[in-house]
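Same chain, two partners: chain A is paired with chain B first, then with chain C.
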Partner chain A sequence: MKPAPFEYLAVNSVSEAVTALQRYGPNSRIIAGGQSLMQEMNLRQTRPAFLVDINGIKELDYIRETANGLAIGALTRHRTVERSELVQKICPLLQEAVKHIAHFQIRNRGTIGGSLSHNAPGAEYGVVTRLLDAEIVAVGPDGERIIPAEKFFIGHFKTDLKPAEMVTEVRFPALSKETGYAFLEVTRRHGHIPIVSTAATLRLNPDDTVKEAHIALGNVSSKGVPYKVKAVSRLYGQKLTQDVLADLAKAIEAEVDPDPHADSEAVFVKQFSGITSRRVSELSSATYRKQVSSALSCRALNIAFQRIKGGI
Partner chain B sequence: MIMTKKGLGASVKRKEDPRFLTGLGQYTDDIEKPGTLHLAILRSPHAHARILNIDTTKAKQLDGVVAVVTGEEALDYYGPLATTINISNNVPEIYAIAYKKVRYVGEPVAVVAAVDRYVAEDAVDLIEVEYDPLPVVVSVEDALEPKALLYEEWGHNIQLEWKTTIGDIDDAFAKATYVFEETITHNRYTGTPMESRVCIADYNPATKHLTVTCSTQSPSQVRTLIAQTLRMPEHNIRVIAPDVGGGYGTKLQANAEIIPCVMSRILGRPVKWTEDRVENLLSGMHSRDYSCTLKVGLDKDYRILGLKAKLIGNIGVDGTCQGPGTPALLVAAAYFPGPYKIPAYEAEVLGVVTNKGPYGAHRGYGKDIANYPVERMMDIMAQKLGISPVEIRRRNFIGKDEYPYEQISGPIYDSGDFQRLMDIALEKVDYHDLKKKQQEWRKQGRYIGVGMAAMLEPSGAAVFNGVFNGYQPATVRMTPEGGFQILTSHQNIGQGVETTLPQIVASVMDVDIDDIRLVYGDTDVTPYGLGPFSSRGATYTVSAVYEAAKKLKDKILKIAGHLLGADPQDLEMVNGHVRVKGVSSHEASISLKELGNKVYLWPGPYGTVPKGVDCNLECTYTWTSEVVKWVPDEHGRVNLYTTHPTGVFVAVVEVDVETGQVKINKFIVSHDSGTIINPMIADGQIAGGIAHGIGGVLLEDLAYDRNGFMVNADFQSYLCPTAMEVSDIEIHHIECPSPFTPLGTKGMGEGGAIPSPAAVANAVEDALEPFGVRVKDLPLTPERILEWINKGEVNHGRS
Partner chain C sequence: MAEAGVRKKISVTVNGVKYEREVNVRTLLSDFLRRELGLTGTHVGCEQGVCGACTILIDGQAIRSCLTLAVQADGRSVTTIEGIGSPEQLHPIQQAFWENHGLQCGFCTPGFVISAYAFLSENPNPTDEEIREALSGNLCRCTGYQGIIKSVKAVAEKMQATAVSNTK
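Presenting the complex of A and B:
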């Protein structure tokens, strides 16, 4: 369980990083927290020839309030987000989601930029960025570009990032005080990688009918990207009665389209000794993912509702 | 019973813990001899294939590589793996490094020795192997068809086939009012010790001595197996086992350990192999993976008239040389009757070889196989009869006055009281109240279930034919300075023997346990003996230490009598002194230090040691059991286990019926392992065993696909329980001392793992009773649970 040989370069600025990525080409990888990359390298599931260590780019470790919400530097550790009063104030859903990422030891190292760039199935940040239509700022040889979450994720372990590009910042909109929210997962073990993850936001009209609701799901899309539920729009103008939720549950089951084949093709790789191995923790049937998607979605809306009503 | 505050029965804090808790333990991988080469092993990516060609040219050219050895090249230095155990098994001829053929994914194919592990792994990448894939045998059906033969010379894939019928089984079923039949299965899983296997072999070409330092449970046994496999004189081999980070049965053989030994013998240098987790999951010892069909006939009062068990085990590549797993299936056949009275019995066992990893021991060793199907069956029958699972068990328990009880299948149970254990368990869990509340919770959409399993834990096996026999020597030594050493082959694998064995000597000698040290883990130092397997510590080793200590005490009293001018009969040992009974005057007393000094130093033995007394302060005793019967009778019955802890385990679980997730709220345990040496350590053993059981029933599964690839060979996808998955555990003890051991103690390291899967499965079924769920395959994944809820197979609720 030792990595294949690689060259290592520590950089101190984004431009140095981009230059290095450009010079070393597609065989280079950025290492930040290393919580996914290191284990894949040690298993020789992946064998980058060059590692560009960005831990020295101190200016990418920040959480700032912006006109519309939050800007979080790519090198910000999960634990920093989890403990940030600013995040608590402006986008508490993000904090709720981060608590679900593995164990605190891992959260002490893992970074938001790393998690998004890795795009593991069901990853918490991916689901929240998709839900809130967050923006991902990437810098490459041609300068900076802003990628909407919807366009950022391409497939399991794939993003829109070009070989010499790196994530520098993630921009989340603020959640209004009146917005209810929830983040839920089904895992097989405490802190483990989710089989399905769910984030939801909810706003109500004064008569308790739904003004606005959004649900995003992780690990239920055949494309391997965080998925934003369409059926939720049917709630607008309605009260969240049991019947309405049951109806939504059915619609979500019909709508989501998990494809276990796409899963297994994406997640089985060769490792040391040429032995076939798995990159994700859980394989699950489409049927199960559909059922859980609807169950978690309804539950998340209920929690969001209770939050608005001060029940949580 | 002898009682001192640090002796028998005291929850003494573990003497070994300070070094473990402060990082000052020393494990094999912490040791690095100068000039050590590091090994990496090329393993088979195929489940079943012929090896056509291995080209190691490029690997050998890599800088830092010293040697690359294939299975064929190793044949000049060793023979087939020695047999660890053979009870009516077909024993294959197989080698530590695959020769001609690979039979499971992960089987060693070639070995690299290099200056460090990084280079060694780089070189593995450069070895080119040409395989000719063969049809793969994954399931029992594949094996029986047979889709292919693992060992062509056998002509079949059957490693074990055994049957016995005792009593008039046909008549029993003819007379039965109720007959039930169920097939119950269990997943494949393993012990996952925190420290994987590690081995340093150091062959000195000048002395021709081989020193092997490895993470093993059984240094003596490993020494013999290495000698036999490498065909070396055993007296020139020394096996050292330093701190061992857990064993759970998985470190009781020498298969992988042979590889560093042969590499060092070839190279004449120390070599080290540290198994990584992937290697451990692929090629370490697997267990369970069986299907069991039970047929039970009951009379009108729900008393069992007859029990038929048909057990089919999927062994994997082998369970005799690679590991000692195969006879676990026979242990199951001996113990299906469990805590119950069975007038007629039939057992049929079939163990097939497949292209899965090796089969070894893992906390339970067949006693778990005997327990899970039967304890599931008791609940299923109770459901079908509409009676309480408590009642059906109570009507069939062996009564407390019937011990020693000769079970129909051969074992003799030493002592116990299942009715009382059940009383305690029910009272402590508040069973009747819980069942009432259950109805209320259901109305609120909460599905809470309570499940139980009775536990019988045969401990201290004396297995004939192999390295798991029924004897254990111990030496107790007093030093010239008056302290004590206990020397035994009983390895510390985390079970607390550095504390419990001194507690025994402390009781006998009335000295502080800090004045006693356990010496173990070096075959050049301890008497040849066996390691901890089959929970034999409190059965065999404790008894050996006790008897050796008594012998030494007799000798000390004789010498003290001579020195004090008193009759040894009138002397006693008190607080590190020998004195005339009840007399506290200085003249009538001698300290142990003074006595030791006199014997060995000033003046020395002449005049100190009386005539006829051997002039040293150490005694060895080899304990054997008086109740073992190893010659099979006409029904094939034997009695190999001397002691039998008992218990009733109750699990309370909550199931999320929308996601299928199971949460275990608590375990209530009522437990009896006879005389308890250290209650805190006993509780730790039970809790650890329950954690293993929870792993097996909820999470752990060595999953193979149809091509024989293990799909979860790492700790990201093979899920062990963490502290968060292990519930609160409340343990209550009663003590029915064993009449078969001198102190009434019973080995008890596996009892937690044995009944906990059935208790959880029964609790889940109880929680989901309104949905008519029948628990089938394990582990209980959320997906399976939801599928069963949707299916609602059992017709007694929602219709």
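Presenting the complex of A and C:
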């Protein structure tokens, strides 16, 4: 389909964008890459009255090294992050994650600020920002504020951004050379919406016991936010043996709380498609996603471990 | 600052020709190319960015023209399938699709050719895995993809052979 009618304004600076958002009110939307927004508008799921096009704000398209990591401008395309030597050097996990976003034609347009502001379930950038406690810089009528990832995501397709605010920058901490990392996801087809996405980091003591480990999951929280796993703290001081990982897997399955609505959706597919296979009925059920969460988490830790040991 | 509006004048270069038009701001780039400029080689399949039939190049980058507004192409350079080759002079990618059964009904083909064009210009010597990954954003409901992958592989090998013979 085609988008419903709207009025359009292209702006060339952050202050122009904020002024436009104030002038046109809550029924206005920013368009950056438009890879989610245009899809929703074509499907008439969203009907903004005003579109504020920020593609002309060239100064928001950058990747810079900072004192303790990376600063990425909101208008930076996924493809730029994917190819950046700076990202490879300072925060390779981010590069690993970005390769999972859709297809290269979409990555040529989609932006980091747009992905975070959209907060779609399972979105790769959201999971990584939450895992690494990245900071999101937003500018509005009252100036700039810095929002920690933990506070930024507040619900399905909802963020802490106020109506006239926009994301301008995302700040990621550097991963130390000794940190192992992994990003994995399960999708119906490569490039599609993840059923579960997982990011993990790992640091070891000299005796190979766990010094520090973090896991974040996408599309498993009934609140609709990237989820940071608590059970991972039980690994501290332990070696990553089969038993320890099996124990962690059980704990993660018990801890995560996927949206049960997906279960009824899965039943709907089963009932009306005439397909009765296990795969369809469990494709995105809460039970299935709990199992995927624990399996992917353990696999991610294993990959992180092998990275530290030089196996990858 | 200008006011928001429902119509806008744009100037866009398509396949080397500069066009100046006034468009509705809600016109998709895919519809602009097909209806306003009559360039119907760009196909419209799903209109939600999934099928890849509407893939075009904008400033040399492959994108979905159904997820881009015509006004967003203002001042940019667009290449469609009509700018890649012609019936009289097929592009080597098109020739390879012909020779390797890379198409049946042909609906998805413009999107595949453009994606392959963008991909091969960045990665002229790809592995099978890379070809599959690059084509994964385009859907074909006829061929089963094997002929398409074979086509892209064939043209990559041909380009390599030409490059080698040119350097000799």
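By definition in this document, the second predicted complex is superposed on the first by the 290 of 312 C-alpha atoms of A that agree within 3 Å, B and C clash if a C-alpha of one lies under 4 Å from a C-alpha of the other, contacts with A are read in each partner's own complex, and residues count from 1 in each chain.
Here is the rule we use: a residue touches a chain if its C-beta (ideal position, glycine included) is under 8 Å from a C-beta of that chain, and two chains touch if they have at least 3 such contacts.
Here the structure is a predicted model, which is why all the values come from computation and not from measurement.
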Which of chain B and chain C A:Gln39 touches, first, second, both or neither: both
Chain B versus chain C as contact partner of A:Val11, first or second or both or neither: second
Touching partner for A:Thr19 - first (chain B), second (chain C), both, neither: second
Partner chain in contact with A:His190 - chain B first, chain C second, else both or neither: both
Touching partner for A:Lys2 - first (chain B), second (chain C), both, neither: both
First (chain B), second (chain C), both or neither touched by A:Ser284: first
Chain B/chain C common contact set on chain A: 1-5, 39, 43, 189-191
Contacting residues of chain B [partner chain A, same complex]: 41-45, 105-106, 117-118, 121-122, 124-125, 276-278, 282, 658-661, 698-699, 709, 711-714, 716-717, 719, 721-722, 724-725, 781-783, 786-787
Residues of chain A that touch chain C when the two form their complex: 1-11, 16, 19-20, 24, 31, 34-35, 38-39, 42-43, 50-53, 55, 79, 102-106, 108-109, 189-191
Residue ranges of chain A touching chain B (in the complex, touch as defined): 1-5, 39, 43-44, 186, 188-193, 195, 268, 270-278, 280-285, 287-288, 291-292, 295-296, 299
Residues of chain C that touch chain A when the two form their complex: 1-6, 8, 25-26, 28, 31, 47-49, 52, 55, 61-64, 66-69, 71-72, 74, 115, 118-119, 133-134, 136-137
